[in-house]
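Shared between the two complexes below is subunit A, which pairs with subunit B and subunit C, respectively.
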Partner chain A sequence: MTRRTRVVVLAPALVGLGALFAWAIAGLPAFGDYRGPYGYVLNRIVVPLRHTTNVVMGTNFDVRGVDTMGEEFILYAAVVGVTLLLREETKGRRVERRTQRLRSDTVRLGGVLMVAAGFLVGIWLMAFGYITPGGGFQGGVVAAGAILCIFLVGSHRDYRPFRNEHAFDPLEAVGTGGYVVVGLTALVSGSAFLTNLFGYGTTGTLRSSGSIAVLNWAAAIAVTFAVLLLFAEFLETYDRPLAPEDT
Partner chain B sequence: MIPLQIVALALVALGAPLVVLTRDPLRQALVNGIYGVSLVCLFVVLEAPDPALSMLAVSGIGYPLVIVAAVARVRARDRGREDE
Partner chain C sequence: MSYLPYAVAAWICLVGIAGIATSKNLIHLAVCLSVTQSASYVLLLAVGYVKHGKAPIFVGLKLGSKAVDPVVQALTLTDVVVSLAVIGLILALALDAHRLAGTVDPDRLHEAQG
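After this line comes the complex of A and B, so read on.
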């Protein structure tokens, strides 16, 4: 197809899409005009019912817990897919790489501090997910990202413990499966799947929100190790370390 | 809409075309990270801290790594071809 034909085909399509888009935008509710009843209902009931001060978490892990379970398995499937796709090619290439280190002490010191600070922030986001903004997903990605900094400021050798698939595969499965187990526990005890068990505790403390806390930790474990496994697979695709003098 | 929200929205509107117009994939990963931070600002200004945290984690950590890994792999493959 020549460039001219392509433009001829594209132009009416663009005009049509533009018209539909403008129509859709014109029909939107005004900025900040929220009409759905769910947000108002949740805002009113979640804190008194579940003692969870972060309503988002109360929604994700309790009111809408089954959806979040599906999302956990989407992540699980994504990691399995990436691992299967990349492993075949990276398998034979697992040679010991030259250890390259950053020359600047300032960058290394800053990086090491970032590992510590990032990991702490990650754990904090996980632990207080149902009290303040945060939660297992965000905390898991932040913690895994902090661990990745070890690779950036250190070397392949420093990072090797965090590429241990034999240890991380089961841990990820424990996180993902733990979610289902909590749901099944409710089912076995005679109530509906994922019914909130274990008492609601005192609002605004770590001992609140019942099984939301357990589900949050299950998600945190699943996400942390899922992201670490993803990193491990992707880092295998590097032929050489990221150290600047090696370029 | 308060002025702060307008500024945050304008930053996002400015950042998105910059990402598209950056040609070098490696540089694009970097610009995309900065664009992600502008989205984080927008979410915070719109009082949505939870998506802001997700966005920060994904656009700051996860996504750049995937892009950089892909770029490194493609370049290594190109280099391998040149050697043949």
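After this line comes the complex of A and C, so read on.
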């Protein structure tokens, strides 16, 4: 099918879909008039019941904890998929690649500061995820992104420790598996899967929320290393030499 | 005006689909897909908004005061994670296509019998 016929076929379809959207939107309550009961209830019970001030994370890791477990496995499956697709391709040509080093000291200094600041923000988002806005997923992505900045401002050589798949594979499994283990611990202790354990602590402190805190860290570890593994797999395929490395 | 955020979500979705269909590059196509998917973030967050509601984080916010729905926000987080997973896989497939066919133009993939 040429691009022209594709556009001809697509245009009426998009118009139809747009009309369906308009019909659906007309049936929605006006913006800001939401009447769903679950959010209303959760906003009132999660803080007193779980001592978790971030109700979104309380929802994620407690109210719908099983769902979040599935979500973690989606990410896990994606990393496995990318690894299977790319690792075979790059096997056997692990040569030291040459890249161009940044020459501007200002850019490099700025980059290094970004790495430090980004990593700190990531850790903060993870650690206080169940108290203030943030969480393991968000913090993990930010921390991994900060680490990737090392590649941008440094070189392949500086980034090499963060491409160690043999070290990261098990760490990612620890994060994802840890989530399941917390769930199973509840099962062993005689309650339902993923029942909140470990005591709720004082509201608004790091020692609060019981299992939510542990699950938050499990997710943080899983996501950080999943994203680092994705970066590592993609960087492995990047083999176009730009210029001789000047150090 | 009160339906504008929903209309924005619908628009983002339609633009994304148009981009996917007319894309000349698999990487561009992956970006278009993530644009399409971000329509669902806008829709979810718009649906859960309560007039004059604050974020559902009760630090410095009195318990019981008006806050937006945390359920859809949690769903949006799931949505973002799924999007990340999908983009990762699509980019890997695009790399594979480039290796086998030597092109990332979806229209020329069939010419090259890898």
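Basically, the second predicted complex is superposed on the first by the 221 of 247 C-alpha atoms of A that agree within 3 Å, B and C clash if a C-alpha of one lies under 4 Å from a C-alpha of the other, contacts with A are read in each partner's own complex, and residues count from 1 in each chain.
Rule of thumb we're sticking to: a residue touches a chain if its C-beta (ideal position, glycine included) is under 8 Å from a C-beta of that chain, and two chains touch if they have at least 3 such contacts.
For clarity, every value in this text was computed on a predicted model and none was experimentally measured.
Colleague: With the two complexes superposed on chain A, say which partner A:Pro133 touches: subunit B (first), subunit C (second), both, or neither.
Modeller: A:Pro133: touches subunit B and subunit C.
Colleague: With the two structures laid over each other on chain A, which partner does A:Phe31 touch: subunit B (first), subunit C (second), both, or neither?
Modeller: So A:Phe31 meets both subunit B and subunit C here.
Colleague: As a test of reading the superposition: which chain, subunit B or subunit C, is in touch with more residues of subunit A?
Modeller: Comparing touch counts on subunit A for subunit B and subunit C gives C.
Colleague: After the superposition on A, what does A:Ala78 contact: first (subunit B), second (subunit C), both or neither?
Modeller: In the superposition, A:Ala78 touches subunit C alone.
Colleague: Just to be sure I read the superposition right, which of the two partners does A:Gly145 touch: subunit B = first, subunit C = second, or both, or neither?
Modeller: A:Gly145 contacts subunit B only, not subunit C.
Colleague: Tell me the contact category for A:Val47 with respect to subunit B and subunit C: first, second, both or neither.
Modeller: second
Colleague: Using the superposition on chain A described above, determine whether A:Leu17 touches subunit B (first), subunit C (second), both, or neither.
Modeller: Only subunit C; A:Leu17 stays clear of subunit B.
Colleague: With both complexes overlaid on chain A, does A:Ala213 touch subunit B (first), subunit C (second), both or neither?
Modeller: neither
Colleague: Could you look at A:Phe234 and tell me whether it touches subunit B, subunit C, both or neither (first, second, both, neither)?
Modeller: Touch status of A:Phe234: both partners.
Colleague: Scan A:Val56 for contacts with subunit B and subunit C and give back first, second, both or neither.
Modeller: Both partners, subunit B and subunit C.
Colleague: What part of subunit A is shared between its subunit B contacts and its subunit C contacts?
Modeller: 31-32, 54, 56, 133, 135, 137-138, 141, 227, 230, 234, 237
Colleague: Which residues of subunit A touch subunit B once you look at their complex with the stated criterion?
Modeller: Residues in contact with subunit B: 31-32, 54, 56, 125, 133-135, 137-138, 141-142, 144-145, 148, 227, 230-231, 234-235, 237-239.
Colleague: Could you please specify the touching residues of subunit C with respect to subunit A in the complex?
Modeller: 2-7, 10, 13-14, 17-18, 21-22, 24, 46-53, 55-59, 63-64, 67-74, 77-78, 80-82, 84-86, 88-89, 91-93, 95-96, 99, 107
Colleague: Residue numbers of subunit B touching subunit A in their complex, please.
Modeller: 1, 49-50, 52-54, 56-58, 60-62, 65-66, 69-70, 72-73, 76
Colleague: Contact residues on subunit A for subunit C in the complex?
Modeller: 2-3, 6-7, 10, 14, 17-18, 21-22, 25-26, 28, 30-34, 36, 38-40, 42-44, 46-48, 53-56, 58-60, 64, 67-68, 71, 74-75, 77-79, 81-82, 85-86, 89, 131-133, 135, 137-138, 141, 204, 223, 227, 230, 233-234, 237
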